[in-house]
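You will see chain A twice below: alongside chain B first, and alongside chain C after that.
Showing the complex of A and B:
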């Protein structure tokens, strides 16, 4: 079961997430729309993702373990149920679509490689990441 | 006088209580850098570095950290970041030797050298780099050795560790260039330190015959190269490994 995150919760953290991401990407905060693809729309590179994570950790006083988005997406599935040789299984892909519900269906490729998952990420993905980390911090 | 741009910067130097590390710590501190050095176990040596700096009015702090322990490294780096607000410079200097013929090694001779010399560089650098990425600046200098490029009897473990550091330096330079963080190496030859004493005692004449300048180097002479690579004069240098070896030839 994936925990539900409401649109209201996302909109609460979005302004701060957007400001933090704009700092990391060196762009205007207005460019950070909730559903823009970070790689294809904002030219983010892999080091930018690390930069964003480090800044979000500081801004929200949370810990985001490396690889957390994929782990969250995988949910209860075992690694073998989620992917085989770097390609998502049909079950894994279905699960990813649920987790990344903000991403339009046509942006998911089939077959979908694990390495290409980051291409789907949007600012909303990072809002959810922050909210999940906040819940885990509270629960701990 | 030329301004190195170092005054007011903050630095972490590993293995800073003795030898080359101590010379690096003291030179950077003399330039106005707020230096924290890590050391493994020699509390008396570490305290004497800090006391000497206090007497000169320089800023040097020490922290006892086993760099083979990644969590200890992360915690120590966070302490520096908290105290200083930023980390501008990292000098990975800590290293050890355990020389012997390959066939005579026991497991620990190999493991401890690789864990300290290579594992330590990974552990400390992994903890520091997030700070530098966010700052969009930083200078990393890895102290390697001529042994990383040239063969030497009894040093397969040490040579492998130093060759690894050179490869690490070049790859990390590529990775961090988008954030204007430079990564370079300094490869000393035979330097007059406690660590090289056994080699110098055992094969001094042989070794000197291979050094073009016919003398051993001093820790300060290595520190000057590190100083250059951490200063603004080296802003356009990255992925380089700089030899400070008096022109060393090895078989």
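Showing the complex of A and C:
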């Protein structure tokens, strides 16, 4: 069961997330729209994702383990239930669609490789990441 | 003499070591070399962090230079100096190491590194884990024999375009062969990021030096470098196009945006602040 994150919660953290992402990507904060694809819209590379997570940890004083987005998306599913040989299972893909509910359905490929999940990420994905890390910090 | 652990290695000894957490170490800058640029001091701090990180993951992976959010250049280091190195790891796992650190000479800080991050990559592609493990034991024990470093020859910049007070463009031809490639790294030669940064700072000094804000005879130096990001490995023999652009009107410092490209691919970006030299 995925924890609920409201749009209001997302909009509360979005300005700081956007400013942090703009620093990492070297672009104007106005370019960071909530639903822009980070790879296809803002030319982000793998090092930029590392940079963004690194800066978000500092900006929000949270810990985000590497690969946390995939872990969050997997939820209660085991690795084998989520993916087989680097390709999402039907159950895994359905779970990913729920977790990345902000991403339009047509952007999910079928079959979908785990390595391609990052192509779906938007600033909203990172807002959710921050909010879930904040909840985990509070719960600890 | 083999270049391995000599031509580009800047930790002689690890004096205190708390696994996965922090370490102190040292490096004796040979007196016979002409100069020891600040970027090599930063390299020494980064190498100490790399040793701690590699040991923490059982020498399965090694970090490579990627991000340094802030570096403060406090003083120059003279040949013959004994560097006192310290690093603290914020986090370290098989994916990445985050650390901060500093170097001192005679107890006085010469450089500070804050919020650095290096992705951890499969160590086998760079060098033998067994050799590194033995080396780490030596550094933590008796220490390595000092004086192995004999200086580093780096290629000259060829300035291609210059708009005084605004921007400078230059070409850097990375050598196809050089002694430091035997050390960085034995199985996969990579042009060290810190050598690139040294040349980029040189370009920034050229740009800032042309400004009229400094008083006659005043000496300028790098004060602070931020947002260093290495996007790709630089291979031996590559041709780099370097750029330095004045990012803001000069106040106490000149703020300059730095870039390096190979063709259309941006391989490195950073900002540097150039100011009046304080300590000389």
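To be clear about the criterion, the second predicted complex is superposed on the first by the 140 of 140 C-alpha atoms of A that agree within 3 Å, B and C clash if a C-alpha of one lies under 4 Å from a C-alpha of the other, contacts with A are read in each partner's own complex, and residues count from 1 in each chain.
In this text, a residue touches a chain if its C-beta (ideal position, glycine included) is under 8 Å from a C-beta of that chain, and two chains touch if they have at least 3 such contacts.
These figures come from a predicted structure and were not determined experimentally.
Peer 1: Which term applies to chain B and chain C once both are placed on chain A by superposition, clash or fit?
Peer 2: They clash: once the shared chain is superposed, the two partners overlap in space.
Peer 1: Looking at A:50, would you say it contacts chain B, chain C, both, or neither? Reply first, second, both or neither.
Peer 2: After superposing on A, A:50 lies in contact with both chain B and chain C.
Peer 1: If you tally the residues of chain A touched by each partner, is the higher count for chain B or for chain C?
Peer 2: C
Peer 1: For A:66, using the defined touch cut-off, is the partner it touches chain B, chain C, both, or neither? Pick first, second, both or neither.
Peer 2: Second partner only.
Peer 1: Kindly point out the stretch of chain C, out of 94-102, 202-210 or 238-246, that overlaps with chain B after superposition on chain A.
Peer 2: Of the stretches 94-102, 202-210 or 238-246 of chain C, only 94-102 runs into chain B after superposition.
Peer 1: With the touch criterion stated at the top, can you tell me which chain A residues are shared between the chain B interface and the chain C interface?
Peer 2: Shared contact residues on chain A: 45, 47, 50-51, 54-55, 58.
Peer 1: Under the stated contact criterion, what part of chain B meets chain A in this complex?
Peer 2: 130, 133-134, 175-176, 178-179
Peer 1: In the complex, go through chain A and note every residue touching chain B.
Peer 2: Those in contact with chain B are residues 24, 45, 47, 50-51, 54-55, 58.
Peer 1: What part of chain A is in contact with chain C in the complex they form?
Peer 2: Result: residues 23, 26, 45, 47, 50-51, 54-55, 58, 63, 65-67 of chain A touch chain C.
Peer 1: Could you list, by residue number, the parts of chain C that touch chain A in their complex?
Peer 2: Per the touch definition, chain C meets chain A at residues 66-67, 69, 91, 93, 95-96, 98, 115, 117, 119, 227, 229-231, 269.
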